[in-house]
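Several structures are given next for inspection.
Here come two complexes built around subunit A, the first alongside subunit B, the second alongside subunit C.
The block that comes next holds the complex of A and B.
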C-alpha cells in the first residue's frame, strides 16, 4: 500500500535547539504509533505534518503533496492536538458544529456529522454543556470527536489517550482500532508504552529528535542482537526443562519462576530457542501450558534502545 | 460561502459570548449614562451652567470615542485576532481546517470589526439622541451624527487592521499597541507641520471639525488638517496595507506555544 505520510531527512530547529534531526519515515494505512519520551520530537513532527510548522531542512509530504500552506489537504486530514485547549465559552455542540461549518458543510450536514461524532465518543448527552464544565476525559474525547467528525482518511492524534481514565482509554482505543478496519491511516503519539502497545504493533521510536527504530515490534526486537530476550514458560516439569536448556550455548540464563510450574529463560537467539523448544517438548513429553515473552513489549525495546 | 465568510460566521458567534465583548459593550455605554445624567441634571435645574447637548457631545462624548474607546476596541480586538489563538492554543483547530491562512485573518478581522463597530455606533448614536432629543428633526444635526459615525467607523477599521498586523507579528503586541495609542498617536498630533501627518489620528481629526473653544474641551490641538478626500483615502489605504501585511505575516510565520 502507498504511504500516506513520507518524510525525507526532515529536520527542524528552534533557534539553536534541535527539534527533529534527519527524520525519514513512511506511514502506511493502518495504525502507527509514534513513541518517545516527552520532548523527543513527537509533537514537532506532528505539527509539521499538520502544517503548523515548516521544516528547516528536508521534506514532509502527505499523499505526495507538500503540507505547508496547502490547505486543501486538510479536507482529508483530522488532527487531535496535544494541548487541552478549546473555545471555552462554547458548548460541545457549538464547538463541533462550528468547526465543521469551516469545511464547509451545510448546517444540516454539520449537525448530522456532529451528532454522529459525539455519539461515537459518548458525549451526546453532554453536548449542550459548556466545554469549561467538561471533565478532562470529556474534553479529550471532544478533541478526538472534532478530529474524526469530517471522516478524514488520515488521522494525526497527538497523545489522544492523555488524561483519560481507564474506561475512557478503553473507549478511545476501541474507537481508534475501528478506524483501522475502515482502511484509514492513523498516526498517534504517546509517551506511555502500554497505550501504544494496546493499539498497534507498528511503531516508530523517536528520541531526541531522531528516529531510533521503526517497524513491527517483533522485528524491532530482533534487531537488538546483543540484548537478551526473556521468555517465560509454564509447564509440568520446569526443573527438567531448565536442566536441558542450560546445555545450549544460546541460553544465557535459566531461572525457576515464582510459581512451581514456571520458568524464565534468557536467550540471545530467540529464533533458535523457538525452533528447539518444540523438539524438547516432544522428546521430553512436556505439557506446556503457556509461553509468554514478558520482555517482548515496547517498554523493553524502548528502554534498551535509549540505553536505559 | 467563502472561506473568510465561514470564519467570520464562526467567530462572530464566538465573539458575542466573550467576556471582552461584554466589558466593552458596557464601557461603550458609559457616555450614554453621562449624557442621561446631564439631561437629568438639566431637567431638575441643578446645573448652573447652560451646556447644550451638542456642546457636551462634541467636547466630551466624541473625544471619549475618538481618543479612548476607538483605540481600546481596535487594540484589544485587533491584537487578539492572532494572539488569542496562540495564547489560547486553539490555533491548531484552525490550522488543520481546509482554510487559506488569509481567510482566517480576513474572517476574524470582519467579525471583530462588526462587533466593535456595533458598540461604537450604538453608543455614539444613543448618546447623541439622549443629548439632542428635542432636535431630532433637525437634518443638519442628524448629518453631524452620521458623519461622526462614518469617521469613527473608518478609524476603527484602520486601527483594527494595524493591530491585527501587530498581533500577527509580535508576542507583546498589546504593550506596543498601548505605547502607540497613548504615545505616538497622542503626542504626534500636537506637532506642527508634516510631523502630525505620521499619526493616524491626524487623518481622523481632519474629518471632524474642531469643537468650539471652551474651558474643558478635550480635543484642542494645533491641527493642520489634511483635505477630507485625502484623509479618507489615506485611512482606506492604510487599512488595506495593514490588513495585507497581517495576512502575509500570518501566512509566513510559524507560531510556537510557550510551554
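The block that comes next holds the complex of A and C.
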C-alpha cells in the first residue's frame, strides 16, 4: 500500500530554534494522530506538508510529489489550521464560497459544495451570519468545513477539536471517522490523548521536533506500561485497601492522600490492577466513589519517554 | 474491513487549474470595499472632476449657447491633449485616489496578515503571484474607474459633442496617452499602497501611512523648496512626480522645469521595492522567533 505522505530526514529550523529534526515518517490512508505537547513541532510539520514552509533539509512528498511550490497538489488537500483565519466581516457562506472559487469550480458548483459542507458541520442555518458573531465552536466547525468542502483526498487537521463543546467534539469525531470509510487520508494533530484515541489507533508522537514513537496506540500503551502508572482512588476505607494492595507484586507504591478518603497507587501493570480492583471491592465491601489516573495524559507519557 | 486492508487506490486524475485564480480574490476585495462605511459616497465624489471636465467639453462645443462664458474660453475651453492631461493630473483627482486607497487598499494585505488568512489561501491551488495579482486588481479596479474610464469617456464625449474627429486627427496618440498615464498612475499607487499594507497587521495604521506619506511628501517638498529653492526637491513630492509622468504623454509644461525621466526612475524604483517587499512578506506562515 502506497503511503500518502512520506518524509525523509525532514528538518526545519528558525534561526537558532529547531522546529523539526530529521523527521522520517510515512502516513498511509486512514486516520493518523499526530501527538505532542505545545511547541513539539506538530504545526511546523503540518505547515511543511501544506506547502507553507520550506524544509531546511530533507524531503517531504505527498503521493510521491514534492510539496514546495507545487500548487496544483493542493486541489486534493484540505487544511484546517490551528488558529482562526477568517475575514470577520464576511458571512460564513461568503467565506466558504470565496475559498471554493479558488478551485476550478463553477459558481453553481462552489455554492453546492459550500452548502453541503456547511450542512455537514451543522452550520447551514447560520450561514448568513457574520463570522464575527460566531461562537468559538462555530468558528472551529467553519474551519473544518472549509477543509472538507472541495472533497480532498488528504486532510491535514491542526487541532480540529479545539474549542468545541462535548457535543461539537462528538460531531466532528464522527465526521472524521466517516472520512476514513471514504478511503481518505487524515492526519490530525492534538495534544489531548483521549480525543485522538477516540478517532484512531495509529499515532505519531512528536516532541522537541523529533519523532519519539509511531505506530499502533496499543504498542504505545505497552510502552507506557514499562513505567509505573499512578491511580488515585476515593473510597470509604482507604487504609484497609492500601494494606491489601501492598501484598500484590505489581503494586510498587501505596500512599494515603491528602484527603481522609483518598489513596494513591503506583503500579507497573495497570491491567492487572484493574482486574483485581473489582474483586477487592466486592470481597471487602468497599464503597469506591472515584477512580482517576492523574498521569493518563500525553504530557505524562512524554515525560516518561524523554526520561524525566 | 479497515482502510489498511482495503489498500490505497492510486489517483489517476488530472490536476485541474483555474484559468484566472486571482479573480475570486479581486471580487471579494471589491465587495468588501463597497461594504465599508461612506465608501460609496467617497467614490461618487471622486468622480466629480470627470463631470466638471465633461461639462467643459460640452460648453466648448456649445459656445454659441454660452456666450456669457466666452471670457474664460481660452483658459478652460481650449480642448487639446493638455486638457485631458489636466484632468488626469488634477490635484483633486490624486487626493481622491489616495482617499480611495485608504478605503480599498489599506487592509488588502494587512487584514490577511492580521487574520492569518494567507495560510488558507496558500493551502489552495494558488500561487503567490495569483494572490498578489488578485489584491492588486482590487486597486486597479477602483483607480481605473477614476482615471482610465473617465479619461477615455471624455475623449469619446468630445468626439460626440464636436461631431468630428478633429481632436484625434490632431492628437492621434491621445487615447494611448490616456491609457498609458492611467496605467502608470495606477501601477505606482497600487504598488505604494500594497507595500504599506504588507508592512503592518493593522489596517488603520496602514490607512494613516498611506495618507500620511502622500501628505508629508508634499509638505516636506514645500518646506524645503521654500528654504533652498532647488527644483530637484520636487522629486520628494509624490504629487509632483506623478504630474511629471504626464509631461511627455500630454505635452504639458513640466512643474518646476524638472526632467520627467527622474520622476519616472524614482517611481519605478518604488514599484520595484514594493514588488520585492511583497514577495518577501506574503507567505503562508509568519515565523515567531
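Heads up, the rule we're going with is that the second predicted complex is superposed on the first by the 222 of 308 C-alpha atoms of A that agree within 3 Å, B and C clash if a C-alpha of one lies under 4 Å from a C-alpha of the other, contacts with A are read in each partner's own complex, and residues count from 1 in each chain.
Just so we're on the same page, a contact is a pair of C-beta atoms (placed from the backbone, for glycine too) under 8 Å apart; a residue touches a chain by one contact, two chains touch by 3 or more.
Here the structure is a predicted model, which means the values were calculated and not measured.
Three-chain overlay on subunit A, with subunit B and subunit C in a clash. Contacts of A:239 after superposition on the shared chain: neither subunit B nor subunit C is touched. Using the contact criterion defined above for the overlaid structures, shared-chain residue A:153 touches subunit C, although it does not reach subunit B.
When subunit A is checked against subunit B and against subunit C, the one touching more of its residues turns out to be C.
By the touch criterion stated above, A:170 is placed in contact with neither subunit B nor subunit C. Once chain A of one complex is fitted onto chain A of the other, the partner contacts of A:30 are limited to subunit C, with no touch recorded for subunit B. Touch criterion met: A:63 reaches subunit C, while subunit B stays clear of it. Of the two partner chains, neither subunit B nor subunit C is touched by A:132. Of the two partner chains placed by the overlay, subunit B and subunit C both lie in contact with A:52. Working note: subunit C versus subunit B after chain A overlay, options 5-13, 167-175 or 275-283, clashing stretch identified as 275-283. Residue overlap on subunit A between its contacts with subunit B in one complex and with subunit C in the other: 14, 47, 50-53, 71-75, 77, 79, 81, 83, 85-87, 89-90, 94, 98-99, 101-104, 146.
Within the complex formed with subunit C, the subunit A residues making contact are 1-2, 4, 14-15, 17, 28-30, 47, 50-53, 63, 71-77, 79, 81, 83-90, 94, 98-99, 101-104, 146, 153, 180-181, 183. Partner subunit A is touched in their complex by these residues of subunit B: 1, 3, 6-7, 9-10, 13-14, 17-18, 88-101, 251, 254-257. By the touch criterion given at the top, residues 2-4, 6-11, 15-19, 21, 23-25, 27-28, 31-32, 35, 111, 115-117, 119-127, 283-285, 287, 289 of subunit C touch subunit A in their complex. Across the complex, subunit A meets subunit B through its residues 14, 47, 50-54, 69, 71-75, 77-79, 81, 83, 85-87, 89-90, 94, 98-99, 101-104, 146.
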